[in-house]
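Lettered A, B and C in written order, each chain numbered from 1.
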Amino acid sequence: MIKRLQDIIKRASQHLHLNTRLINYYWQRTRRNKLAVAGLAFIVFLVALAIIGPFFTLDPTEANFEEKNMPPAGFVTEQSVYNIETDEVTTKEVHGTWKHPLGTDSKGRDMLAMIVSGARVSLQVGLIATGIAIILGTIIGVLSAYLGGWVDNALMRFTDIMMTFPFFLLLVLIIFIFGSNLAFIVLAIGLTGWTGTARLTRSESLSLRTREFVVAAKALGASDKRVIFRHLIPNVISLIIVIATLSIPGVILAEAALSFIGLGDPMVSSWGIILEAGQHSLNTAWWVAVEPGIMLFLTVLAFNFLGDGLRDAFDPKSNI
Amino acid sequence: MEKSWLRDYIIKRLLYAVIIAWGILTITFIMVRVGPSSPADKYLANLAARGQDVAEVRAAIEARYGLDQPIYEQYIDYMGNLFQGNWGWSFSTSMPVIELIKTHWIYSFQLILLSSLFAAFLGILIGIYSAVKQYTKTDYAFTFFSFVGISIPNFWLGVMLILIFSVKLGLFKTYYDTTLPLFSLDNLKALVLPVITLGTGMLAGYVRYTRSAMLDNLRKAFVTTARAKGLPEQTVIGKHVFRNALLPLITIIMFDLGSIVFGGAYLTEIIFGIPGLGQISFNAIFANDYPVVVAVTLIGTFMVLLVNLVTDITYTYLDPRIRYD
Amino acid sequence: MNNVILKVSNLKTYFFTSRGTVKAVDGVDFELRHGECLCLVGESGCGKTVTALSILRLFDSPPGEIVDGQISYDGLNLTNCSSEQLRQIRGKDISMVFQEAQSALNPVLTIGDQIIEQIKLHLPLNYSKAEDRAMTLLEEMGIPSAERVMSYYPHQLSGGMKQRVLIAMGLSCDPQILIADEPTTAVDVTIKAQILDIFRDLKTSRQMSTIFITHDLAVVAEIGDRAVVLYGGKDVETAPVSEIINNPKHPYTSGLIECLPDISKSTGKLASIPGTTPNPLKMPQGCAFHPRCPKAMEICSHQEPLETVISKEHRVNCHLYK
């Protein structure tokens, strides 16, 4: 069984013209960058958290007013309690417990559960929206470079126009017009974030066509298809991987920002929504604002470290 | 001879900008008309909540906005209106959209200007220092902090600053007061945290770009020549290296404006209650006040267009290699 | 000799990199006399450029360091004098001209700006006098319409003009010594001839003392008075140019001479020295040249040769002569 699996992988990588030695070479170069490895480790942790976390945490939507505004485990805060019968306001001490390791919000929902469920949202949005943007951008860029002429001109003018719109403002407008459900947010981000990729892939494709190794390959008699698959694509792929890794944080932040201003999908507990709620309870429950923010920050940081490390690893001129 | 060349370039670039402007307006129009809910629906949601007769109001609105006319007539009307300064009526504030914009844009402008100055000064200085001291601990520290600065979600930073400084420490409790002059002490105090919030992301970017531009040039041969002349190191870095680094730096900084700065300003205004265009757009979203949201988007876009145009021309004028060709 | 103006003794400049220590200059001795043109000859990587850079300490200092040796000039030891003293010498007493004039000039400053900057730094002239001096220099270098050229940017000039501008810059403060790093390498043949003319002129009209770095023995023959042959970071032979050409002692020197194409022989293969220059991170044991030497002996592979004096002006480092 294992042998069959190995065969399949081997055959697939051959058909996809995957050069395992090259991949290993790049991986070795990336490994030397400790920050990039740390970033990758965090991302793996996050993915694991998102996939299996929900099975181990409490229900994030379960509101429990008795347990509202509890601090994270190990912290102690004071809450004012209004006693209806005696018309008195007293303060009582509230201790964090391990039942709610990250505390609860103003409605008594478990923070850890909400954070984990938010991880799922952020990763889904991050991967899918980036995927859409990258694919769209690459198609437009490569096609533009390949076809040239008026097609190239028209596509690039269109790209220029779309690039002039400030990304976030355009996103806000689209969501405002079309509505805020998660699927649509993902689509909207994908449809507005492709311009950078288009530009980069186009310029890379243009320069590749005239590079000496392509001319040499053709002079040696390589067919167009062989040139494309064995020479052009591997060079463009490394660029695409770097662009993708560096785009994901922007996408995740865009979704969080939309949720923060209330345009997010209300059915879903995105980190942005939690943060927005936390903004109003800074006095009473500061952890509600701090926790989702830290997660966002670390996630973005991780992808930036990894992306930077990958970019250096792929760049033949950098001396790693 | 060189002057007419520059003039030709400016004219060409202006024409191009006009084409882009047309494209922007057209795409916005398409989005608005293609959307599932027309401006009428949004307004109706408001009115229905206030108990007015839906059918009657719908007819009035459609007549007023010409929504019953064929699409191309609507398009012509739209373009015509925009050029005449008729940017629609803001339902929620009962004034023409253009009035709303006229009274509020200055606050956004102030915020963005102060943040940019803060970020540019500090960022460029740190970037130069970092590049000159490459491989030292200071360089590594600054590089790490610039990563952090780029990665911090700026809306979270704003909230954290409020948490630390306003809530826990009790400083900076002032709110922005539009009755006071723009640069009054109270208002400037109120702007400290917002400027730090918006400026930090920009700052980190400036540090990275400056550092990289300086590093690119520090290895070049003309630097050795400059040293061989006996010039003090300060002059070598400050005059020779920096001027070469400055040119690409300007373009990168300016072009970043649209993608990073405006989105950041939007969020910062909301968090700190600064009455700029981002704030009024935010309010408009919840009041379903369509024209305002569209107008703010368009203004932001045209600002980017303008900045790109100016930067393009400035760069072409400044770079001697392009000039005398 | 009391007309020695610069003396380099046992200079060692190493580069400490993450991949190992590069001993770019590993024990070089020579002296420069007043009014002469001394050539530093050798293939790429033999350390001649680093030697020249070491005189004014112009190499990148985090990886590079002068670890031993002395450079005596005007009563100072340039290897350890203060940077303030060094800066006063640079561009004024000792000037350096680099190859690849396009990258050696600052692309965003005008020619005038770059020359005047140096003049004003070292000489007490006001701006317009400095400007006049710059224009005179450009004319001396054979650059036509000097006034217009002053306001040009480097990319507007041809290769030959750029190189002349560099030389003019080097001469602007009347230095005692001019170091020229392969000024004829990156240019085509006609310009090469013009530049060599300029250097010849400098010797006769200004009695300028020059250190001329090149890998081309033909150039050495044309304008050099004495030559120092470098290999693997060490000097292997020092002699007047006529001796080097007609009576080379070191096998490397003879090899270089044989490589010069001979027009009188119309057929036959071009000669070359077998092998390649040694990897600076892994120098051969003993004499650095022995793997490529046609006359290598057993002792050459484990012992470095000491200096042998052939005649008053001729020194060799080779086991063949002991």
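Methods note: a contact is a pair of C-beta atoms (placed from the backbone, for glycine too) under 8 Å apart; a residue touches a chain by one contact, two chains touch by 3 or more.
Everything numeric in this text was worked out from a predicted model, so none of it was measured.
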**OP:** Spell out the chains that contact chain B while also contacting chain C.
**Re:** none
**OP:** Would you kindly say which chain has the C-alpha centre located farthest from the C-alpha centre of chain A?
**Re:** C
Original post:
Any idea how many Å lie between the Cα centroids of chain B and chain C?
Top reply: 54
Original post:
Distance from the CA centroid of chain A to that of chain B, rounded to the nearest Å?
Top reply: 23
Subject >> Between chain A and chain C, centroid-to-centroid distance (C-alpha), Å >> reply: 56
Original post:
Quick one: in the complex, what on chain C touches chain B?
Top reply: 53, 56, 58, 62, 87-92, 95-96, 98, 100, 103-109, 117-118, 121-122, 152-153, 155-156, 166, 169
Subject >> For the chain A and chain B complex, residues of the former touching the latter >> reply: 35, 157-158, 160-170, 172-174, 176-179, 249, 253, 256-257, 260-263, 275, 278-279, 282-283, 286, 289-290, 292-293, 296-297, 300-301, 304-305, 308
Subject >> chain B residues touching chain C - in the complex, by the definition given at the top >> reply: 135, 220-222, 224-232, 240, 243-244, 247, 319-321, 324
Original post:
What residues of chain B sit close enough to touch chain A in their complex?
Top reply: 19-20, 23-24, 27-28, 31-32, 35-37, 147-148, 150-153, 155-156, 159-160, 162-163, 167, 258-259, 262-263, 266-267, 270-271, 281-282, 285-286, 293-294, 296-297, 300-301, 304-305, 308
